[in-house]
Each structure stands twice: as C-alpha cells, then as structure tokens.
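Both complexes shown next keep chain A, but they swap its partner, so chain B is in the first and chain C is in the second.
Let's look at the complex of A and B:
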C-alpha cells in the first residue's frame, strides 16, 4: 500500500484564514491589457494581429509557434494599441501585445452549449485544448495540449488533479473547488477519456475540508475517479511529491511524469480543459488570490489575463490604511516571484498576489551566518538530497561535484531547506544558480563546445 | 672479517642486478619529452590561472609546442613571456597589441537608481537569475562584482556601483568578459581611448528616464566623425577601434558625455585642433596678403 505522504517537507504558517472563505468574484481591469507572447514554456507565440486591429474576447492574438508553444488569447474586446516590449512579472522586458480595452467584453462566442465529448476523438479533444490556449496554471506554464499527448497514452495510470494548494496565503483553488466542483470533475472526465487505463485522483490537503467535501460529492457516481485527502505539508503540490504520494514512484529529474505513468495538472487547468472541450470556451480568466497582511480586503478573484497587478490590488480594496508593503510577490511567499513594481500584467500562470509588511529575506540576510552543520535541511528535502553539502560544493565552485556526486540537478527548488535553515543561508538561491550554470554548460557542450 | 667480505660481495652483486634492471626499465618505458614543451613550461608564469583557456600552464605549454596555441597566448605573462616563448619556438612574436578590458557602462549610483531591493547572494549572475531587474536600466552594471571575483590580476573593481578597470593591472585574459551576465565588458586596444561607456539599446526617452549618463542614440557623434569610425546601431553608439583616429570630435559633441577619453588625450587633441586652426588662419592670412 502506498503511504499517503512524501519524504521531507516543512510546515510554514498557512496564513490562509484571511481569504479562505471569501467567495470568488471577478476583478475587472481598468487600463490597457497586456499579453505576453512568451509566458508559457517553449517557443514564444507569433503575433497574428496588427496595430489598430479591432479584437474581441476569445480572439487569438498570437499563434503557437512550433510544437511546444501555446496560443495567446485576448481576454477583452477593444483595439490593438501596440506590439512592444513591456516590463513583466519577472522584471525583464518582454515582447507583448497591448490591447486598449473598450470595457464591453464582446466575445467571439457564447460558449453556453454543452457538447457531448464522448463522441470526440483524441485529436479533436487536443485541438480544442490547444485552441483554448490552455497552459499549466499551477505556475510552470507548460502547454497543456502537449502534456495531454504523451507518447504512449495507454501507459498512463494516474491522472492527478492538484488541488493541494500548499503555498501559504493562497486560497483561490480552495474556492474554485468549493464553487465549481462539478466542472472540475467534468474536466477530469474529459482527460480520462484520453487515457483508457488511468484513474483520476483529486488531491486535496486536509486544511480544505469544504473543498474536499464538494469534490467528493462531484466525483461520486462517476467512473474511475476519487478524491484523496492528504495531510497538510508544504511542497505537497510539487509534481514529484504528488506522484510519490499517489503512485509511490520516485523518478529522476531527467524523466517526465508521463514516463512513470502519471500526469499532474492543477485544478484550474482541469477546470479550463472541461470548459474548453465541452463548451469551446477559451481560457480568458483564471483564479487568483490577493492577500497578505498589507491588503485591506483579501479575497479570491477571477482575473482576466493581461490585467495589471495594480487593478487587481484595487479590486481587493487596496492597501490597508497607512500600510507600506515591504515585499510584493506574484504568487505566495515560498515559490512566488518578488516584484519591483505593481505596473506589470497578470500572466495565465500567476496564481496570486501577496503583499507583506515585512521582508523575511532581508531580515534573514542580516542574520545569515556560516553553515552550522546542524543537518536540519537534510530531512526536509523532498528530493532526498543533501542541501548542506550542495551549498558547500557551490561555494567552492565545484559544480562537477554538485551535479555528479550530489545529484544537484534533482533539486526542485521548493525552498524547504532555506525555510528551515537556522543559519538563514540562501540555499535555494545557490541551487537555482548552480543548476542554471550547469544547464548553460550543457547547452554549450551540446552546441559543440566554445572553442 | 669474513662477514665483511660476504656482505660487500652480496651488496655488490645486488647492486649490479638492480642497476641492469633500472637501465632496462628506463629504456623500455622511456617517455618521450618534447624539449620545447619543457622549455616553454619553464618560461610560463606558473599561475595555473586558466585564463588562456587551457587547464593550467602545463596544458598551455603542450598546446604551444604542438602549435595549437599562439606563442603570445598567455595573457598574464604578456609580451615579455611571449618573446621568450617565441624564441624557444623559433618564430617571431607577433607584435600583439596590448588589450585591456573595458566596461561599457557609466551608470554610477549618482546617475541611475535601483528598481528593486535585491537580497541574497551578492553575485551578478545570481541577481539576474532572481529575475527582478535590480537596476532601473535593463542593460547597466549590476555592481555585485562577479568580474572582481573572477579577475586573476585584481584589475577590476566596483566603484560607486559600476565596475572600473585598472588598465595598468589588466592582463586582458577575458575572464570578466565571460563572467558579466549583461555582456558589458569588451576587450579593446589599450591605446585606443575613445570609447562609448554605455550598452543600452533602449530609445532615448527610455534611457533618459532611468539614467542621465546613458547613450540616447542621437547620432551626433556619427555626423562629427571624419573617419567614419563611430556608428549608432540599435540606439547605441559604438566606436570602430581599428579606424578611430582619436581626434576627440565625438567626445566634445556628445550631449550626454557618454563617450570618454582620458584628460591627457583630451588636452593633446585640443592642442592639435588649436594648432590646426592656427595653421589654417595663418594660411588664410597669407592667402589674403598675396
């Protein structure tokens, strides 16, 4: 019997109580909407609109370019204002399409008629998913139509729906499961149609009993799917961790989940798959949480892609009076990206906005000391690595040891070791850099060497 | 007495046998050593810094003796070592122009600002990877000193937020060029002093918004140049060091003072210009007289 936990993990303060019971509502954008061409993993999309073109919600702005790529779809009606570089969540300037919003939200269709998908062939389902521009909404942004087409669909044994939401502060998936459980189950049914030998498992942490109950109700009476309630622990939502929990399989970083017969998708993605295949609705908006101790009315929102983060904050009532946030994160505090400015657009794979009054990193940097060799990082690592030794190898510049002796490339960058480290060392950042340098070296080697 | 004779005999016999054995193994397992390689290794500095691109001085010596590496390939030793190596190899050392690293950014803390508050590993590459653009300029020096850390000659230091090269110490190994995640550093001939200290490809107004010292791509320098050796490409001026005559015309015209030149050179250029002007006036006066 497979145990229902994974190795390692930590218990950060959940901080979910401020927004967990706030129902989803839509946060409408005020200014222009900005759409990134390269927000998914893979080749950036190729624009198919020109300046001053009128556009409708649901219209394709940029087409997938190549196999691993995804469409960019307009989420409002208006006109194309510019195709230019804009600053994005990552802080970099990237190619974007800017749409002047006319505020009418005219759509290309109604998307209210339900199709029966049982008659659809695999290609038809995949092409609908692709047409809807769906990418992994959990964060990585992998094009979903590619993920749903593994080499051998017969070999997939588990389709795992990730509703764990282990990231502190975030509660939008909780709300989505409470209110749209039936549609998520529909989406899962569609996915199971692609994989004849698979079982659908909806994973929910035990700090979300309402969501678990709603999902339980939605899946009862449907074939080949179940809800699995898991003990709350951070980094549960990581792909590796979930696969370990559900199937009992550990697999190396250079293998894909499909290679071990698993497929993991976020609840938001599964919901979008259901809408896309059954109703033909493209991915126009997704759920996000706006929270943090600097926000006056934290809540969960349906956010149109391209909305400015500033509009999103305003939808949540803005800042608390007199509050001055020290840290602004796209996402939660464990995996989120710190932002330099709120004037950047929401991407499809953003799942939250967290504004905090204190910056723990800054405080940590001041207290950082040399490694104490206490070994507390070792049992927290979900990948079973030795963060302490990896950090020593990184600091000595011995990337060969990092890669080959310590298996550093298996690190999933979950941040558990940094969280637990009493010496406050920036371990995850070291590993992120070491991995990037090793990958660059590999690319150079693959390209035939530098000289 | 007998014991002494016996001992001497035994040791003599053993000595002769071992001696033959040594001679045999020395002949049998003789490793051919290139005399040139040994000699070259002798004159190389022996820092094993790897700046030449080989795994230390031994590997470099082997490469030179095989003719795979140039005789002036050791950046640390410079021309004195190159001459000695050339002598050993029996070729004349090309009169390699001494190069020096040059940082194409002048965005000091006084003229530009930080966009975010970066905490974490104090390293430029880590900061770039962290995603958030630390400096308000997307092209400028981050100032965490990845170049300083890698420099074998202690020739590059971050001063007031921008890396500055000390040309006297620089050995032009190019390690900092590779280390800079923003590609700000280039190797230029040391004698050529006129250079653009900016790497921003942004348009003028965007540059102005983030840095008062950045190149705005106005093209005034291009119009001034009589030698066709400064060009604006992608909103950024760049000097062609091969053709630049260092007249200083672009330096004095640049509205943002981003093209640099040392004070001594400036004085020389001004003097020369004055002399030319005086000569022209004199010629004009003479022409008038006649």
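Let's look at the complex of A and C:
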C-alpha cells in the first residue's frame, strides 16, 4: 500500500530508466586518491600521517577533532604523497591528503567475522560507528556517531531509513536495496538496539517496486521494523518531508529530528552502520550512480572515497561518441552541485555524477520574464513557505521581512519552486543568497555582542 | 576534452511550462467564445476584436520601443488584454471604442505601472471602464440589426424573465463574449490544465450565489440564480478576469477572500444598484484590495502553525472535530440558523407577496374586463406561459414579452374574458407594459397601461381614450397602425408619437396571437 505524501513537491522527469537495472559493480581508480579533511559537518579532522608514510586501506588518515567531527579513512594502499590544498566539488580549495595509489588495495583487516551485536553496549556500538568514519551519505554529511547519540534515546519513536531516492537520474540506492537488503536490515536492527522505544521504517518511493519487495523480504520476521512505500514525488526524501509523512509532525529548521522523536538516515549509511558494527569494516566505499545523457554506459558503482570523478566517468565507459556535456553535476539535477572540472575527488556524501548535454538553467535565463504572481511556487514548497513573497522581499532588499514575517530561514533549498516557475525566476538561488546574508549578519551581531 | 562546463546553483532542471505557453493557452481558451461571438454577431464584431487586439499589441510594442525596454509582445499577454476587452464590449460599438479602450488598457493600466506582473488593476477591465465613462451612451447601447434593445440584464432589472437557454448559447443581445457555453468550455479547460486557479473561480461563484439567495428576494430559485450567473459578465469575470495572476493574491486563503469579495460586491451591485456593468466594477474594486490582502493574509509555514507546534511539544494529536477552530464552528452554526430563518420567512411571505402582485394587477384586469368578478389562473394559459413566458414573443411584434395571463370569471363563475399583460421594450423611452382584455368571442374589450414612461404631451397621450378606445370592441386578427384601406383593424397613431403607438399596437397584437394559441389556434 502506498502511504501518504508530504505537502508540496514537484514531478521532474525521473530519467532513471538508463541506469535503474544496471547492477552495482566496483570502480577501482588507477590514479591518486584525494581525501578531504573537512567534508563532514563540524570541525575538520586532524591528520595523523606524514608525507611518504606507507598506508593501507582502512587506515585512519586523520582523526576526528572535537565532538562533532569524523575520521578520514584511507580507501586504498600506497604512500602519502602530499598534504595540501586541492580543488573540491564545491570549487573551493580545501585541505586534503593525497595518496599515491599502488593499485593493490591491501587492507588493514578482512572484516569477514560477524559479531553478535546484542551483546554490545551502546558505547561500544557508537565507538565502532565512529571508528568506521561514517557520516551521513545522503548529502549533508553529519557525523553518524553523533546523530546516534541524542540526549534522550528513550524519546526516539521512529528510525527512518531513507531509500526514497527522489532525485532524478540517481538509481544507486535502488540497486543497493535490491542487492544488499539483508545488510540494510541488519544495520537498522543495530540502530534500533540504541533506541528501545523506536520503530524502524524503511521509506521507498513507488517507482522502485523491486527494491521495495527486496526490503520487504529482508524485514519480515524481524522485530519493530516495516517498509513504507511512498508516492513518487520530488523532495520526498527530504528529512522534513519524511518525518512529516511518518510521524505527522512538522518541525522548524532550528529543531533537530531527535527533538520530535525521529532519526533519519540514508540506506547507504544504514548499510555502513551494519557493516561497521557487525564486521568492524570501515567506510571505504559507497554507492554512486554515473548517468546523464552524455554518458555512454550509465551505471551504479561502489566508489572508493577519494576517487577522481574523471576515473569514475571512465568506469562508466566515458562520454558518448562525440558528446560534449554542457553541465556536470555531483549528484542529481535538483540539488546536485555543478562542477567546473572532473578533476576533483569523490567525497563520502556524493551520490552521483550526472553529465548533461543541455543546461536548463541556460535556457531558463533566456525565457525569464517578470514574476507573473501566478502563485505556482506556493503549493510546491514542502515547508509551506511563500516563495513568491520571499523573492519579492529579497529583491526589495527587505531581509527583515524575509526572515521574520516570511520565515525565510526555514527554506531547505530543495529547488521545487524554481523548478515549477513558468517565469523561470532563480528563486532558490535568491533564497540561498538571502540565507547566507542573514547568517553572516547574525554572526557579526554575535561577535559584536561578545566584545 | 574541453572543460568549459556551465556553473550555476541548483536546481539544474526546469519544468516545461513557460510564461509564453501560459498566455497562449489562455488565448486558445478564449477562442470558442470569440468564434461564437463573431458567428452570432457578424462581421462588425470581428472588426471590434481585430482592432482591440491589434491596438493592444501595437501599444505595447510602441511603449517598449519608446522606453527602450525589451519588447515583450511575444509573451501573449497583450493579446489576452485586447481579446478580453473586445469580448466585453457590445458588438455594435464604433471602432474607435476598442481602439481607445485598448490603448488605455495597455499604455496606462499596464505599461505605466511596470508591465506584466506589476499592474494593480486588470488592464482589460480598466480599458472597458475607460470607454464606458468616455463614450457612455455609445458603449451601453446594444443594437441588433441596427435596432437598439435591452440586454438580458436590463430585461431582468425590469423584473421580467429571460431565456437561460438563449443566454447559454450566446443568442442574446449582449456583449460579444456572451456565449456562456463557450466561456465554460474555455474556462473549465484552463482549470483542468491548472492554468487558472479554481479557488478563485469557486469562491466568486459560490459567494455570488449565496448573496443572491439571501438578499435577492427569490430564495433558492434555480431559474433566477442561473439567469444572474449567466448574465452580466459573471462567467467571463469569474473564469478569465478574476483569475488574472497579476491582480489576484498569491496565497490560498488570500485568493478565497478575494474571490468572495468579488462575488459579494458583484451580487450586491446586482441587487441594490442600477449600474448595468456592476460585475466589472466589483472585480476592479477587489483588485485594489489585493496588495492589502497580500500583506495581511500571510499563512505561516507548516511547522509554525498551532497544531504542528502542539505536536512538537509532544501533545497528543487532535481528532478531526477538535481540529476545527471554534470561530469556524460558531460561524457555521450562525450561518445555518440564519439561513433557515431567512428561507422560512421567505416561504411564509411568498404567498402574501403573490397576492399583493395579483391585487396590483387586478385593477388593470378589472379595467379591461369590467364584467369579471374574480380573476383566476387557467391551465391552458399557464401551460403556454411556461413555454413562451420570458422569451421575446415571436419576431413579428418587435421585442415583446408576455408577462401574465388570467381568466376573469363573472358572478356565476362563467368566463367573462381573458386579461393578458404584455411588455414591449420598444417604447420611445423604455418599456411599455399594458393589459389587454379579450372576451370569450375573441373581441378586444379594452386596454390598460400599467407602465408607460413616454414623453409627456406626446407618447404619454397613448393613455388617453382617443387612442386607447380605438381597440375596444373590435374582433380582428391583428391591428394595423395607420392602415391605408378602410378596416376595423386600423388604429390611428398618436400624433407625433409613432414609435409609442407602434409599440402599443405590436403589444396588443402579440396578446391576440397569444390568446389564439392558448385557445388551440396556431401561430399565424
């Protein structure tokens, strides 16, 4: 049975047919691997290796620094080539550790012996998750061992496993659920051990019937967990959207999911938690989709962290004959990041590489007209905001109205309003800018207050 | 491999719907009513449409060139303005009317306020009001085949019934865009395609209907309500003008409020004022409230609404009944109670009102059939009345309507005569209503005026015996005004008032014709 949907949302072309049935395979890179120290939310990790040190896959390259931080773990064997700034997905130069890959992928362990987790105490489970260097693979990259330790574990009522994959083009989580359903259920079982009052809910959109069936089979017979099939609609996989659907609660941006008794993790993260706690395996690789109309053989891959995007594209057979992509995206077209170059490393929270022959944004700039006030953007907002008015306030320079009267800081930048706008106005782009300006002003105020 | 990739912020994909496509879809939705208008009203209507649209597009082009702004005519919004303006004009207006109206609509109402998305009132309606005020007598005269006559709205205001079927098919004497069927086809198509907002349409139509039910004085009378909904631009207003994006609020509660305002104002003007173009004004006035509505009706995001905040605090979820706010429940109860009370009062007083009407008419009935003691309804007459009542009665008698027909009985209960009330819309100065008495032999017993507002000393002299009594005691097929040959049927015109005299003769002839039909004869 298909469950309820969240309010709002849009239906972009799914574009999943090219890669949805291509099984996962590993894409081992030949070139150097580059590891960012600060790809997770929180303090960047502190390097514990020096130049020319030999390293193995599974070895810690940089340790978590402070409470909200995560280890950086090497995903290949070789030697440390450099500790330097490298260009990253976002286009910024950031501190990285560069490993010269010897191509042998020797590991620090075998990770094939399964522990019985029921004997483990909470602290032990959390420390194994932390040691594995797991961060949220869905996008934000929040350190998972921190997320799994809320103030009051008793109050968590739902552990939501996000297998919705509502982003167009991407199909890697679909494949992961089809092939590794049992491990995902294991991971969920481990998580539920931390929260005595919680129910595990695996959420899958109804465009992935095979994955839903596989997960259904995997959870049957296990305690306190179920599969919830949801209608296919973009931004279904947003944290707020899922919590609204499963628990019925809308909560503001300044509250955490745990404050309303929920916890959301991507299927990939849950899989990694299972591997880490039961087998002690660190997070070396995660699933990604390489797709787009410019790619010759789109597919789904196990990708080692630090792999260059160019190596990843080669694994998918490179570009189509004569294709010249206009736009390359880390992720999908709704929330992905446009990259200026393929020569940047894959981060743990990247879930796809999409190469597109056409750029809708370029076309949109030509078609743009004044705002018609048609109001189409309003019902698409998953948070119930008023994008038309927010844009007008921003353009009028009235950030005060944007923030206080229109609750602009609640915007999750899902892009639905911009997608639907017939006047092709860059709404999400304005909101991103407005939010940044307001946050800067807040920081300045806070700093001024301390003096 | 070249590495000149486009950089931009997400999202990187867009829906296919563009401003242009929306506007041209609206134009397409207006096609049925435009075609019906041209088909029924003829070539001049086509010219009016052409001039209006061409002027609108040319004005916008000229303005953009003059101000050195990018030319925006290809977005189709000027075409819509031109079309809507022409559709809301009489088909017989001289061509300078759409020309001036369109120029005002585009240059003043639209472009001067910043163009598409910025104008504060609906440009087409602004243009219409401009020409209504500037050329009031020309614009408000509705002519069919060169003869000025009443629109359905004027007929209704005069208290007479109109044919809803004719209004539905656009075969009445009204604006070019008056075919309700075609308007509904276009409007509903836009609704289904999600181009126009159904909230506004429903809100307008429902509030308009409710107001008429409560204050219209006829209760829930489907014929009365339908006639009002089909006439006077309500359908075009609700589907194509109230839903104009730029001049309607953006939030859902705002739109419902705005629609209700239009509906209530429109119905209020209908009931309490004598302006024929009231619905346009109700939309324009409501347009002015839009900025205000957009400031004060701002719904909070889901997470900040009362119910959600209670859930965030861990309070249990309320059931459906508890979720309905108290004011809503109170209002609903008040509405129900007052609704029942009103309809109760209406039913109780309805028969009294009918009696009053009969009493008022009975004086004129009595005047034309002196032998009668009582007047009663007659099955044959009623049946025929329900068939032809309200419609223009045949084309041979000008714009004549049969209002009522009763049988007069003498003291023994025998038929003393039939009294038929007729209205002609072709008086020199408005409607003429008169009662014709016909005895059982088919002889005219007399005529009596119940409404005569002609020129004093001229048309008003029709009420003098010298003219009136010419009809009495004659049994003819039809009377002839100033006939050449010597005949009983000849009626001498009131000197200097041939229009009035002609209308009276036509009205009496229509009554005779009606009488013959009721008695089993056929229409000549």
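Observations on the model:
As a convention for this text, the second predicted complex is superposed on the first by the 445 of 451 C-alpha atoms of A that agree within 3 Å, B and C clash if a C-alpha of one lies under 4 Å from a C-alpha of the other, contacts with A are read in each partner's own complex, and residues count from 1 in each chain.
What we mean here is this: a residue touches a chain if its C-beta (ideal position, glycine included) is under 8 Å from a C-beta of that chain, and two chains touch if they have at least 3 such contacts.
All values reported here derive from a predicted model rather than from experimental measurement.
Contacts of A:386 after superposition on the shared chain: chain C is touched, whereas chain B is not. By the document's definition of touching, of the two partners only chain B reaches A:93; chain C does not.
Contacts of A:249 after superposition on the shared chain: chain C is touched, whereas chain B is not. Set side by side, chain B and chain C differ in how many residues of chain A they touch, and the one touching more is C. Contact with both chain B and chain C is seen for A:338 once the two complexes are overlaid on the shared chain. In the superposition on chain A, A:362 makes contact with both chain B and chain C. In the superposed pair of complexes, A:436 makes contact with chain B only, with no contact to chain C.
Applying the stated contact rule after C-alpha superposition, one finds that A:48 touches neither chain B nor chain C. Of the two partner chains, neither chain B nor chain C is touched by A:399. Once chain A of one complex is fitted onto chain A of the other, the partner contacts of A:329 are limited to chain C, with no touch recorded for chain B.
In the superposition on the C-alpha atoms of chain A, the part of chain A touched by chain B in one complex and by chain C in the other spans residues 91, 337-341, 359, 361-362, 364, 426, 429, 432.
For chain B in complex with chain A, the touching residues are 53, 115-117, 119-121, 123, 125-126, 129-133, 138. Residues of chain A that touch chain C in their complex: 7, 10, 12-13, 91, 168, 240, 244, 248-253, 255, 259-261, 319, 324-329, 333-342, 356, 359-364, 367, 369-375, 378-379, 383-386, 388-389, 405-407, 410, 413, 415, 418-424, 426, 428-429, 432. Put simply, chain C touches chain A in their complex at residues 1-3, 5-15, 17-22, 72, 75, 114-118, 197, 245-246, 248, 250-252, 255, 294, 298-305, 308, 311-312, 314, 317. Contact residues on chain A toward chain B in their complex (touch as defined above): 87, 90-93, 337-341, 359, 361-362, 364-365, 426, 429-430, 432-433, 436-437, 451.
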